[in-house]
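Listed after this line are the structures, all set down as structure tokens.
What follows is chain A paired twice: with chain B in the first complex and chain C in the second.
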Partner chain A sequence: MAVSYKAVGWNRQKRIYDGVVLAGVLSYLGLFVGSGIVLDAQATLETLLIRGLGTCAFLLLTIILSIGPLARLDDRFLPLLYNRRHLGVTMSVVALAHGVLSLVQFHAFGDLNPLVSVLVSPGRWEGVAGFPFQPLGLAALVILLLMAATSHDFWLANLTAPTWKRLHMLVYVAWALLVLHVALGALYGERHPALVAVLAVAVAWVLLVHGAGALRERRLDPDSVPGARDFVRVCPVDAIPENRARIVSLSGERVALFRYDGKVSAISNVCQHQNGPLGEGCVLDGLVTCPWHGYQYRPHDGTSPPPYAEKVPTFRVRIVDGVVEVHPRPLPAGTPVEPARIPGHPPTEATP
Partner chain B sequence: MSDRTDDREFYVGYRGRAPRGIAAFVRGRVVGLLIFAAVLGVGLASLQRPADLGVFEFGEPRELTGIVRERPWPRLELEQPAGDGTARSRYPLVSQGKHGAQQLVAGLDGARVRLRGTLVWNDLATLVEVVPGTLERLEESTLPVVEMEGLGEVTLRGEIVDSKCFLGVMKPGRTKPHRACAANCLRGGIPPMLLVETTSGQRQLWLLVDEDGGPVGEKVIELAARPVEVTGRARREGDLLILAADPTRYRPLG
Partner chain C sequence: MIRPLRTRHRRTVAALWIVVPALLAWALLSRPPQPRMDDLPAWRGEATPAGHPRRVAGTPFELDGVRAEAAVFSRGVERHLRLRLLERSVAPDLLAYWTAGAGKDGGDGLPADATLLGRVPGTREIVWRLPADGGSIVLYSLAHQRRVASGALPTGSAGESRGGEPRGGEES
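Let's look at the complex of A and B:
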């Protein structure tokens, strides 16, 4: 959670995460370049570096794209999601190194500006064999750098979460461009069937894991009550685990019903940070805690505890005959709402 | 009313330690992923096509003395030591980067020169990258002009390469991944050559000139690193194979 902007809010988990990522990237590059030199005495260092960096960036991007769906399928993957932004920035830096080296190698020291040279790469746009693949890589790199540059919470807060999220969904455009960049470029010079198979498996994996994640999401999709105008009966109160939530969709808005300390409160399911699913979080130290990055809100007013200032909409809630009822109209973010008390469960602390 | 509990572990990144079960789960997956990445790195490196033979004697220039020819492409003729004055080696000359040597040798056609140059060579030909500022005019040529040997009209299929990269500066110095570089080299005045590979595995390298024996210029840029069919007059100039044809009539094959 952020009250002021720091370059990186370091903690133990992030240090471990970044250390593993750095070690992994350096090991991969070392193994790729080292094997290339050992296996082929004619190979040149610059070509091995370009290829090593390119394949490393693609592998990192494949991992990055897989983390979200995997976390949907099994929430034990959530620690990989927590610091995914650092993984993304690392991938962008590796991709940039690949791009700069390629730019120097293939486009510099000639009559044209290197960037102009990329854009006027000879080829025939209408055919597959002649399609110039380097502009595709450049376009993907621009997207990845834009995402890396705006990955900080400063941009998230200033662009607003929905806009930031839309911007960062461009990663899928970048991924598609890179698949074409590899298929129409490197694989035209390197036609070993196993290399084609590796790319095909990577593409299939990303599509498969997203499909599985989407199916899981659909199965878990909350009970939907469209068009409700008054209190809606949602579920028996004992269907909500202690310190956890049940998610319901009311008039198109996802609401998270949290049970804690003999009470039930209802707040928006959407975290203000990165639109994380608050209803999949839990109540820790009396605060609703987002499963993605640990942003916290008081359950009765949807407000982050001081000195933080994030707020989410709240909903009126009551319990009638052991059934939780929620009013579908959201109240302005941060509006205090009296929690519904569970009969037979006296509050354990003096909060509302 | 029953009390339902959920004992699943919950991870919060900024807390000191991850819950034991989640930590073990993630540790196992990450170790597996690192092993997979290591195998993938070695595997991808080993699946690459072997690099073409070729040597770029970068940082080791030699002093060379010979006769400069300006057209169709700058080249240096060196009398072979044991020869009778007609046996010569011919080395195309280029400048540093993606530039030809046209400006360096302008007005020196037929002159004997001394220069320092970096050799680029493979089993098919040798080329010299001239070190800037080292080309020194000595005198007019005393070597007799060697007649060219006509080989008749031929039709050849091959790939248009820029001679500098193909002979050893870059690996790969051919095929589609190198196309943009080849185009830049040809645009900068590097002599274009046609790499012909026979079904028996033999290779030949033909210097491309237009039908009048002049440089083909920028007409071949769009065809760089592409398979083409060229019909033209073939001739041999010492150890150099030359193919003269109108570049607008080159036939792309793919």
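Let's look at the complex of A and C:
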């Protein structure tokens, strides 16, 4: 969280994360180029670098696309999600290096502008066989660079989270373009079955984890109480673990019911930062803490503690016969709501 | 709120499930077969009388556009071309094509029926199996997109048998 503009909000976790990513990228490139020199005497250093950077970028993109659904399926992947943004920027830089080297190697010494040369490179546009693969890679690179340029809370705040999310969903378009870029490019000449198998496994993996994640999300969005106008019985109060939440879907949106200090409060499940699932977080020091990036909100009014200013909508809540009931109409973000007290629990100190 | 975003995400994933595997399979299956010369006979000194290559009458022959040693050999119905450039070509990425015609079709480009034989390895000797008897050979610069040399291939029956057998490395 930050109350003013910072280029990068460094902390220990981010430094470790970035150090591991950088070491991983350099190690991969070193191994790729080193083994290439030994195994392929015909390949030049530039060619090995182009191939190494390209495969590294695709591998990173596969990992990045896997982190989101994996974190939804298993909490142990949440640490990877924390600094995924830096991983994405790293991937874009590696992809840019691949693109620039390819441009220099194959297009820089002719009469045409190199970028024009990429777009008019020989190929058959009317079919898949012989389709020019380089424009596909260029289009994907443009998307990745646009995403990298807007991978900052400055843009997130100014574009608003939904718009920013829509923009960054273009990563799936970039991914599809890159799959074709590889299939029609590198695999057009290199016919070893192992290379085809590696690409097929990577594609299948991304599709499988996203399919599993989408199915899980769909189960969380039942349309059981659409358009309810009065309090809705949700669950027994004992079904909510202490300092954790239960997520329910009301009137088409998700609400997180937090149990803490003998009380229950209901706030929107959507974090203001990157729309993270607040209900999958926990209550730390009396504050609801988002599992993605640690943004915090007071459970009774959905407001971040000073000096921060983020707010999420709140919901009226009550407990009747040991069952939690929530009013489905959201109150304006930051509206204080009296928490429902759990019978049999003594009142504690004032809400922070 | 973000439920519409989640719905859009689910639909995107569903579309990717259909589109990406289909395009990937289509791209991989649409790759044309690569001509390979793996099945060239091992001719270096172990030729048997029955499978011995014989030089086709009319060889060696000349290419216009480049100084080269070129000869055609036969073994049964197979025809093989042995080629060695006597000068280093200034054109990079020099490729050899076979065409059934006289080799002059297509202007400075390639004839429509040109079949790739392989890469010309500088001044090193190379042997290719020809698709058919006769026709022409065209040397084409991929980088310059133009014809560098061509020559009609001799046709007819085999002439002398020994001393001119192909020795060159086999392109694969």
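The definition used in the following text is that the second predicted complex is superposed on the first by the 344 of 352 C-alpha atoms of A that agree within 3 Å, B and C clash if a C-alpha of one lies under 4 Å from a C-alpha of the other, contacts with A are read in each partner's own complex, and residues count from 1 in each chain.
One rule holds for everything that comes next: a contact is a pair of C-beta atoms (placed from the backbone, for glycine too) under 8 Å apart; a residue touches a chain by one contact, two chains touch by 3 or more.
Note that the structure is a prediction, hence the values are computed from the model and not measured.
Q: Check the residue A:Tyr188 against both partner chains and state whether it touches chain B (first), chain C (second), both, or neither.
A: both
Q: Using the touch definition from the top, say if A:Gly137 reaches chain B (first), chain C (second), both or neither.
A: neither
Q: So, A:Ala129: does it touch chain B (first), chain C (second), both, or neither?
A: both
Q: Under the stated touch criterion, which partner chain does A:Glu242 make contact with: chain B (first), chain C (second), both, or neither?
A: first
Q: Examine A:Ser27 and indicate which partner it touches, taking first as chain B and second as chain C; both and neither are also allowed.
A: first
Q: Taking the superposition as given, does A:Pro299 touch the first partner, chain B, the second, chain C, both, or neither?
A: The answer is neither, since A:Pro299 touches no partner chain.
Q: Of the two partners chain B and chain C, which one touches more residues belonging to chain A?
A: B
Q: One more residue to check, A:Leu207. First (chain B), second (chain C), both or neither?
A: In the superposition, A:Leu207 contacts chain C only.
Q: Could you tell me if A:Leu78 is touching chain B, chain C, both of them or neither one (first, second, both, neither)?
A: A:Leu78 contacts chain B only, not chain C.
Q: Regarding the shared-chain residue A:Gly279, is it in contact with chain B (first), chain C (second), both, or neither?
A: Once the two structures are laid over each other on A, A:Gly279 reaches no partner at all.
Q: What is the shared patch of chain A, the residues that chain B and chain C both contact?
A: 129-130, 188, 191
Q: Using the touch definition up top, name the residues of chain A that touch chain B in the complex.
A: 9, 11-14, 20, 23-24, 27-29, 31-33, 35-36, 39-40, 42-44, 47-48, 51-52, 55-56, 59, 63, 75-80, 82-83, 105-112, 117-118, 121-123, 129-130, 132-134, 185-186, 188-192, 194-195, 198, 237-244, 281-282, 284, 289, 291, 293-294, 322, 342-344
Q: Quick one: which bits of chain B touch chain A in the complex? Just the residue numbers, please.
A: Against chain A, chain B makes touches at 1-6, 8-18, 21-23, 25-26, 29-30, 33-34, 37-38, 40-54, 96-99, 170-172, 175-181, 183-185, 187-188, 221-222, 224, 226, 254.
Q: Under the touch definition given earlier, write down the residues of chain C that touch chain A in their complex.
A: Those in contact with chain A are residues 1-3, 5-6, 8-10, 12-14, 16-17, 19-21, 23-24, 26-28, 30-32, 34.
Q: Show me the residue ranges of chain A that touch chain C in the complex, using the header's touch definition.
A: By the definition above, chain A touches chain C via 127-131, 161-162, 165-166, 169, 172, 175-176, 179-180, 183-184, 187-188, 191, 196, 199-200, 203-204, 207, 210-211, 214, 217-218, 221, 252-254, 268, 270, 275.
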